[in-house]
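In the part that follows, the structures are each spelled out as structure tokens.
There are two complexes below, and they share chain A, which is joined by chain B in the first and by chain C in the second.
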Partner chain A sequence: MDISVFGSRKLWVAGLALLILVALATLPFYGSLYMTILMTAILMYIIITVSWVIFSGPSGYLSLASAAFFGIGIYASAILLPTTGAVLPVLVVVLIAGALSFVVAVLVGFLTLRLRGIYFAIFTFGLVELIKQFLLFWEFEVTHTRGRYVLLVDSRTIFYIMLGIFVALILTAYFIRNSKFGLALRSIGENEAAAAHSGVNVTMVKVITFGISAVFMGMAGAIMATRWTYVDPYIAFNPFFSFMPVLMAVFGGLGQFYGPIVGATIFAYLEEVLLTTFPYYYMLIFGCVLVATMLFMPKGFTGLIQKGWKRVSGGQQHANT
Partner chain B sequence: MPILEGEKVTKYFGGLAAVSNVDFHVDQGEVVGLIGPNGAGKTTLFNLISGALGLNSGVIRFKGESIGGSKPHKICRLGLARTFQEVKIFANMPVMQNVLLGSLFGTPSGMSAANAAKEAAELLDFVGLSAVRNTPAGGLTLANQKRVEVARALATKAELLLLDELMAGLNSTETAEAMELVTRIRGRGVTVFMIEHVMKAIMGVCDRIMVLHHGEKIAEGTPKEIATSKTVIEVYLGE
Partner chain C sequence: MPESVITILDLAIGGLLLGAIYALIAMGLSLQYGVARVLNIAHGEFIMIGAFATYTLYTVFGINPLLTLVIVGPIIFVIGFLLHRTMFRRLSITAPTPDAYEASSLLATFGLLFIIQNLALIGWGATPRAYSYLNFGVNIGGAVFTANRLVILGFAVAIGVGFYLFLIRTRMGKAIRAAAQDAKTAGLMGVNINLVLAICFGLGAVLAAVAGTLMSMRISLTPTIGLNYTVISIIIIVLGGLGSIPGSFIGGFILGIIGTVVTYYNPSLSLAAYYFIFVMLLLVRPKGIFGK
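Right, the complex of A and B next:
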């Protein structure tokens, strides 16, 4: 293996990432307000998807609790940032929402991570319903309100906070993937019993990662609520946000670090385009795209690109090895 | 002093006593064999020792410390590692990472990444898999997958190694190599407790053999004593 080629590739990737980051950070200065808002939505989807992948990707535990953690963030924001005036600064609220989601995820994790396969998926999905129903009951019986209005926050502020969460998440995901912790998580996905017998505290690794993934979902929810300005339990705990990250990650491809990012970006953009141009057929077209993905791109979009790349550069790679 | 000992170890599956009132001990530096017909409770006993299953009653002590009911990762970090009858490797991970996991997580006091990598490389060399260190473990032959398991278990700095049918499914050349591996493991100062069906192997490498039948210990002794024991011949070896 040629080390200099390896090193330069890493440098190249880092340079590209930096370029994208700079382009994103300066977007409000050269792009329209619409673009800033669209980019906020795309970032939100990327955040939910990548944080889902942090846990469910390597461990093989299919979590459908994303909507629950996202919703907890939304409601934390709705309670701490009422239209009557912010109780705390927006950024602090976002951090509190992340912490809250973490705590709930860890508690739920200790209870449910002994469940495997479909049982875990169903339970996590039940969590979304449970919190939703509880809030509905609470609003109906205790506060006698329906939903909450959230303080309006400047679109640029929302965008920059979302971008900040995104950067923190990408760094976290990268470090987990390349650390000893990530190795343990992958070994759990491959064979949990063998991991436990090789000294991995499987419960701890699973619960902590589940918690970390929830932090970012909660934070994204908290800042997104300020953009939606009105939320109720149905909006906040929409099952859509549980399935979306799974679909986006699968669409992008789980084999590569950037797969889910690419998947979420394309999907989020596609949704926006379809929703604005074909408001009535949007779901139908969406479904067709998904079916096509499953049929023709089993390794996702990035898998397809890699396959194509190998075909193009096949001769070259062969010469190198 | 025995490194591992069990008193009246009992495990029920429903109404069935899979392991019933078994007393056993393994001394430091020994190679002890565990044999018996299918369903005798051999693997169950290993599962009880390694923490995969909880005891119903009885005591298991490792280096004098009671480990009954401890979690597998804790038992592993105490210095007791195992392999599995049906190989449990991390099939999509490179061989090197399989072993690295043991040295990173399974050692009593933890290891720096550099030391863990050094340890893992040394063990790959020991089991003869250095050449395939970057191959996904699932792509190896069964014999080599079993070696990955052995290297991973040794990487945890195990003092006692439980080998669950290391030789099952191997051809005669591979079996001979596996026997040689067991001898070399002992040479490292690691105590071995092994389940085996290949009689030639177990008679050749073990100092002492225990025989289980219907969850009960029916005989124990040197290979010679076992080979000539009337009870053992009746229930297991055959005429």
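Right, the complex of A and C next:
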């Protein structure tokens, strides 16, 4: 491959990314309030999906704990940002929520990442429910409350914090993907035993990545709580937020860096448009699309587009595995 | 009889009842995962379908819920069989490795969950429903039980034992057990493996639907009840050892009794207790109590 072509392509991608970033950053100035709120929701789904992909994509461990880390962020925010008498600034609370999710993820990771395959998926799913049931019990028996109200924050502030988390996440994901660390993670996904024999500290790499992916979910949850203003354990620890990132990433296609982003954007937009008017039909369509994706386009939406593009452009390469 | 003995008897019957239902649904999932390698997240949706079919047949057409068992069973079997023949068969052909098949079929069943649940929400709506059947007290040595509880217990145990005999005594049962041990080798020995796997998936769905029919006499029904039962079945099959059908039968009773006792002391803790057992089990002995 010609190195200069590669370089110019990279430049082109960076330019495009910068353009999108500028368009997003100035959105509150030219777009309506509705646009800003819609974009916040889309960014939230992208954040959860991409942070899920950081860990589960290369390592091959199917994590269903996203809702747990997202929920921890939500609850951190609910406790630290009450409607009256909040002492900490919103941004600090978001950072604390990220740190808290990181700590929980690392602890859970040390305990469970030795579980292989389906066991890990089941365990992480159980984790969400365990935390939810514990909180329900706590609120029912100890504090005698049901749910909490969260400080109302200006939509623009929420949007900018969400955008900040998004940018930090994309940079992190990019660096992990292109570093030795990311290579180690991929080698674990391909053959864990071989990776360990080649000198990769398997446990460390898995646990740290799991923790990093949880940071962003926690932060997104913390800021989203201020948008929802009322949370209870059912809202915060909804297993839906564990399935969603998996489905969005698989639909988008795990083969490319931008695949999960495309998947999350499409579904977040559809949800915003359909969920309020036809909630059941939205979820029904969602299910059908998921089954169809698994059956007919295992490489996801972007994989399909690429294949189609190759056919149209008459490229020499065949779309091989 | 003294008060404490009545309480113990009450808990014992309650625990056996819950345990029998759990045993049925867990055996169903055990067939689907242990033999057909599909960790069916939509398992609970078949329970829900069974329960709603019974409700509708009883309230609209006045059909006896126990008669519904014979109506719902075959229909759900055909649905499950065809699902495996079309969807999961295709996934298993395209998947490069057995692990990849487990992951892709797991995700496909998520899709099924959304489809079935939302079709039910569109059809029946989200308001809780219940009906009353055999709802009168029966006095056993001083303790009073509702008749439908005893009927559910009797039928659940009979179906469970019948199913077990089917596995042990018939040729098809033998083929299923062989496929559970090693599907590939069973195929080489002349078992029509694709047929057996599809039958397993169908039978798993039937056990769920039948449990749903029985349960519908006692619980309030909404289209979203399914997922909870799926999770409970998963906990039980991990408890009994993934793929072990006797293990899930016994595990069902163990969890049912624990659940009933915990509920007696503090109702808000029963689900938390299940998850606690589950999480501890995965950490200490992920192979399950009866796992090899």
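Miscellaneous remarks
Keep this in mind: the second predicted complex is superposed on the first by the 310 of 321 C-alpha atoms of A that agree within 3 Å, B and C clash if a C-alpha of one lies under 4 Å from a C-alpha of the other, contacts with A are read in each partner's own complex, and residues count from 1 in each chain.
Going forward, a residue touches a chain if its C-beta (ideal position, glycine included) is under 8 Å from a C-beta of that chain, and two chains touch if they have at least 3 such contacts.
Computed from a predicted model, the values in this text were never measured in an experiment.
Once the two complexes are laid over each other on the shared chain, residue contacts for A:Val246 go to chain C alone; chain B is not touched.
In the superposition on chain A, A:His197 makes contact with chain B only, not with chain C. Judged by the number of chain A residues each one touches, C leads among chain B and chain C. When both complexes are overlaid on chain A, the residue A:Ala184 reaches chain B alone and has no touch with chain C. When the two complexes are overlaid on their common chain A, residue A:Tyr149 makes contact with neither chain B nor chain C.
By the touch criterion defined above, A:Thr112 lies against chain C but remains apart from chain B after alignment on the C-alpha atoms of chain A.
Residue contacts after overlaying the shared chain place A:Tyr269 against neither chain B nor chain C. Of the two partner chains placed by superposition, A:Phe257 touches none, neither chain B nor chain C. Within the complex, the chain C residues that touch chain A are 39, 87, 90-91, 94, 99, 102-104, 106-108, 110-115, 117-119, 121-122, 227, 231, 234-235, 238, 242, 266, 268-269, 271-272, 275-276, 278-279, 282-283, 286.
If you check the complex, the residues on chain B that touch chain A are 50-52, 71-73, 76-77, 81-82, 84, 88-93, 97, 100-102, 104-107, 113, 149, 152-153, 155-156. The part of chain A that touches chain B in the complex is made up of residues 180, 183-184, 186-187, 190-191, 193-202.
On the chain A side of its complex with chain C, the touching residues are 60, 62, 111-112, 115, 117-119, 121-123, 125-127, 129-130, 133-134, 136-137, 140-141, 239, 243, 246-247, 250, 280-281, 283-284, 286-291, 294-295, 298.
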